[in-house]
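Below, chain A partners chain B and then partners chain C, in two separate complexes.
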Partner chain A sequence: MTSLVEVDEVSKWFGELVAVSEVSFAVGPGVTALLGPNGAGKSTVLRMLCGLTPPSKGEVRVLGGDPRRDLALSANIGLVPQQEALFEGYSAYGFVHLAAVLLRVADPDRATRAALELVELDPDDRRGVGTYSKGMRQRVKVAQALVNDPTVVVLDEPLTGLDPRQRLHLISLFQRLGEDGRCVIVSSHVLDEVERFGSRVLVMAQGRLAAEGDYRAIRELMDDRPHRVRVRCDDPRMLAAGLLGANGVVGLQLVGTDGVVIETLDAAALRRRVALAAQRADLRLHEVTPLDDDLESVFRYLVERR
Partner chain B sequence: MSDGGARILDRGYRRYDGHRTGVAGSFRTLVVHSMQRALGLKRSAAQKLLPGLAVFIAYVPAIVFVGLTVLIQDTLLANQNLVPTYADYYSFISAAIVVFSAFVAPELLCTDRRTGMLGLYLASPLTRNSYLAAKATAVVALLALVTLGPPLLMLVAFTIIGQGPDGPGALARVLGEVVLGGVAVAVLPASLSLAASSTTTRKAAASAAVILVLLASTAVTETLVEEAGAPAELFCANLLGLPFELVRRIYGEPSPDVAVAGIQTGTLIAAYAGWTLLFAGFTWLRYRRLAVDR
Partner chain C sequence: MSAVASARLPVFRLVLRSQVSRARVGALLALGAVGIVVGASLGAADQVPELVDGRVVDGGLWAGARFVSTFGLSLLVPVTALVFAAASLGDLDEEGTLVYLWLRPVRRSRIVVAAAAASFTVAWPVVVVPLGVAAAATGGGRGLVAGTVAAATVALVAYTGLFCALGLVTKRSLVWGLLYVFIWEGFVATAADSAARLAVRTYARSVLSGVADVPLRGTVVDSPARWVVPIAVGAVALAFTTWRLARRDIA
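Let's look at the complex of A and B:
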């Protein structure tokens, strides 16, 4: 993977508060989600990627340059900040056009119209953005971040305030940007939406990078956490008896009249064993559902016990 | 840990299941980290200034004397007494010894009590006694850097350039004297500074107390012995001069002060041991009674 963004042993402190501690990662083209509870240091990392604040220690490189010193890089970075950062008196067109001019876009008018259309806003709407709803203002922020057609797009909670349709639209837009070879880094609290961005995540907790990579692969690495799989069938007791003592099965719990929750250290092997046990006992399987292989479970396992 | 590019770097709190080094490991770690802290290692440049200056002052004369020996003919040096003996060397670096004595122990003891680190240390396998022993080891080792290092450097350099002791036997004897002398000059000031540091959480106050006691004991005893005709044994209360005189006895060199030269070596050793035990005992007692409430 070609790294477009590299963070090497970066720490950031404000007085005695350590916001980010010895974080290292590299991000290439595609969508990468930056996750973490409040105060984990996500926004500070994003601000450092855009050169808005210098690291106290370590090095940040974006497209091979230092975003703090290399001013030409700003033309290749788009940022949607978490804060409401709009000039209230400007129209959406005026605000995005101003960003295009400041970033020295070759044809600001055309770029502005294209960016606003990307987020489904009317370039000819002359109302001030101060009169816009929160979701519309959020889309204006996304448009100004994309007006310079950046290679690196940094999005800090970009879906805040959007209605479900607009969320889907922007998620699909971000996916498209990633598929086009851009590096899209998205920070969000809403895990089921992050799951739709893609599977690559960076998980931060208490200023440190807790994990990175495909969240399913991260789950596989948690070898101290048995996978929990719920199986519904005709006779769960028979099935549980068939699985008792099988390699990798560390726990069985009967749930309701037709369910059994199996804890296993090897989820792939369990699927085969369940089918075999059901066949031997002449049982009909209704449902086999992993209970903790989703992003939310992975996230919870990583940030709990802190 | 990685799987297809995925990594888990931090799983949060985990029970430690690895090898535990116990009291010995804690002791060793505390000694090493205390020495690093006092020397300003892994700290800002400002924190390195004072220890660096003291070490510089202590080593410069040794380097100069070795340089002189190399550059000037040895007969000329012998005639003019340009290079001091090992015992006399300490008079050149007494300022560095006083500064280091006043700085090191307060840095290591006062800070731990002021910041609450002492409570964390005592939550480890360390007890108050092993904690104090580790700190004392660190302080003596640091002072030995100033009191033992320079004469050792001179001995090694002189031996290399052919101006050292004649033969392996003489070299071993001088080496033993250098080590014994260096340790003797380090231990008494170390125990004094530990005692002073056990009375306050303010580093500056402890440092001032150490300097005051060292200089005042020298001034008072010298005045009483030389001007007021007090018994020469009162010199045993000179906390700065006492280790230096003991070093002269170790090397078998005469004291420049006739009255002091008349004091029995056994008396000097007893006084040295008495002061050291007194200060060490005082420190131990202070820490035994200390309430660690955070």
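Let's look at the complex of A and C:
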């Protein structure tokens, strides 16, 4: 793989807050998803890739250059930043056209129209972007990032605020760009979103690179971890006794007067076993709740296992 | 990839558009209108010749020059420059839109010069025109009008540079700017000649005094320093702003 973006042992701290800690990866053509919960350091990594903030330690190279120092390099980086703000007095056409002019696109008018049509916005809509919905503003941001057809496209949570149809449209647009040889880096905190990109995934948590690989490998890694399930029933002691030694059950803990927390390596099989054990002991089940299926706990697990 | 865009005009237009809000321009024009009314009332009053530093000065000229110095150079010029120049890059930074200029192959100096030029372009008519009219209305004569226009323009150059930098350095640029204008220039700098030389107002007053040929107090700077220093201050401040823009984090 030809690396278009290289991040080598990069750390970034703001005062005493460590936002990114010793992160290394290389990215080539295609779509790469940067997955992680809010506050994981994804945006800081993306900002460093664009030169908007320098690394405190380590090195970032984009197309062989330093994005912080090489001014001309910025013509080859398209960024969709996280913040919503646009130049409020401008129409979508005016906003994207300004980007085209500053990027010295040969025919700014044609490029602007093409970029807006790419994201399904009307180039002749003269309303100010201040009147646009969140989803429309998001698409304006994508259009300005693509107006000069850059080699590296950096998208910080680009699907925020979009309706399902527009999400699908933009996901397929990003996939097309990746297939055409562009280096597309997309950040997201939504696992299903990343699944749709069908791409290579870099998982970030607590400022560190917690895992990397293609989507399926990451999914398996996440499913292989121990799961905790809380069960409330008439007699939790009897239920726990029925589950002792069962295949896949690695821990049992009584909680309160009517609950038991079960740790298992196979959540799906556990549900069947719980039902069977309850039936055998003639117990009434009140609740079966997975305790750590949220993304945060998945990321926490990935960080702890490294 | 070597091409670096010549982008001063689009950036100039962008900052100009973002600065010209009805409320902002309206409030400052209203302040200028107050100056015209006061100038006219001074002109309507009988002014007797004054003996200043052993020299007899025409009463209208003396009253007009003191008014321009007190109201125009101490209040209208610095406050207007602060409002526009601090916002030129500061607003973009605060809103999070500066990234759309920063991440372009455009020299930082061009962004800064374009932003400062836009501020100056908006501020000049808002300040100098009403102040010139007010000076004429006092009856101080053509010399006073020329001195007023020259002094206000020179001061505006310096303040624009200084406040452009301030807008990028701090989010509380209005507070710090007002503290500079009213505490440093209005109070500390009046205590000693050496401190006075660190105030833009001193140079502006010296220009007014020199061009209008009126012996104002606190005009300790001779020509050509009274002309050169404020312009140099503006230029150095813009150079600092460029340096700062290139090295700071962009949201």
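Rule of thumb we're sticking to: the second predicted complex is superposed on the first by the 216 of 306 C-alpha atoms of A that agree within 3 Å, B and C clash if a C-alpha of one lies under 4 Å from a C-alpha of the other, contacts with A are read in each partner's own complex, and residues count from 1 in each chain.
Here, a residue touches a chain if its C-beta (ideal position, glycine included) is under 8 Å from a C-beta of that chain, and two chains touch if they have at least 3 such contacts.
Here the structure is a predicted model, which is why all the values come from computation and not from measurement.
Colleague: State whether A:76 touches chain B only (first), chain C only (second), both chains, or neither.
Modeller: second
Colleague: Of the two partners chain B and chain C, which one touches more residues belonging to chain A?
Modeller: Comparing chain B with chain C, the partner touching more chain A residues is C.
Colleague: Who does A:218 touch here: chain B (first), chain C (second), both, or neither?
Modeller: The first partner, chain B, only.
Colleague: Output check: A:280 vs chain B and chain C. Expected answer is one of first, second, both, neither. What do you get?
Modeller: Neither chain B nor chain C is touched by A:280.
Colleague: If you stack the two complexes on chain A, which partner ends up touching A:144: first (chain B), second (chain C), both, or neither?
Modeller: Touch status of A:144: second partner only.
Colleague: Contact-wise, after the overlay, does A:102 reach chain B, chain C, both or neither (first, second, both, neither)?
Modeller: After superposing on A, A:102 lies in contact with chain C but is clear of chain B.
Colleague: Of the two partner chains, chain B (first) and chain C (second), which one does A:134 touch, if any: first, second, both, or neither?
Modeller: Once the two structures are laid over each other on A, A:134 reaches no partner at all.
Colleague: Given the touch rule stated above, what does A:208 touch, chain B (first), chain C (second), both, or neither?
Modeller: first
Colleague: Show me the residue ranges of chain A that touch chain B in the complex, using the header's touch definition.
Modeller: 1, 205, 208-215, 217-218, 220-222, 302-306
Colleague: Can you name the residues of chain A that touch chain C in the complex?
Modeller: 47, 50-53, 71-77, 79, 81, 83-87, 89-90, 98-99, 101-104, 144
Colleague: In the complex of these two chains, what residues of chain C are touching chain A?
Modeller: That would be residues 1-5, 7, 10-11, 14, 17-18, 95-97, 99-107, 249-251 of chain C.
Colleague: Mind pulling up the chain B residues that touch chain A in the complex?
Modeller: So the residues of chain B in touch with chain A come to 1-13.
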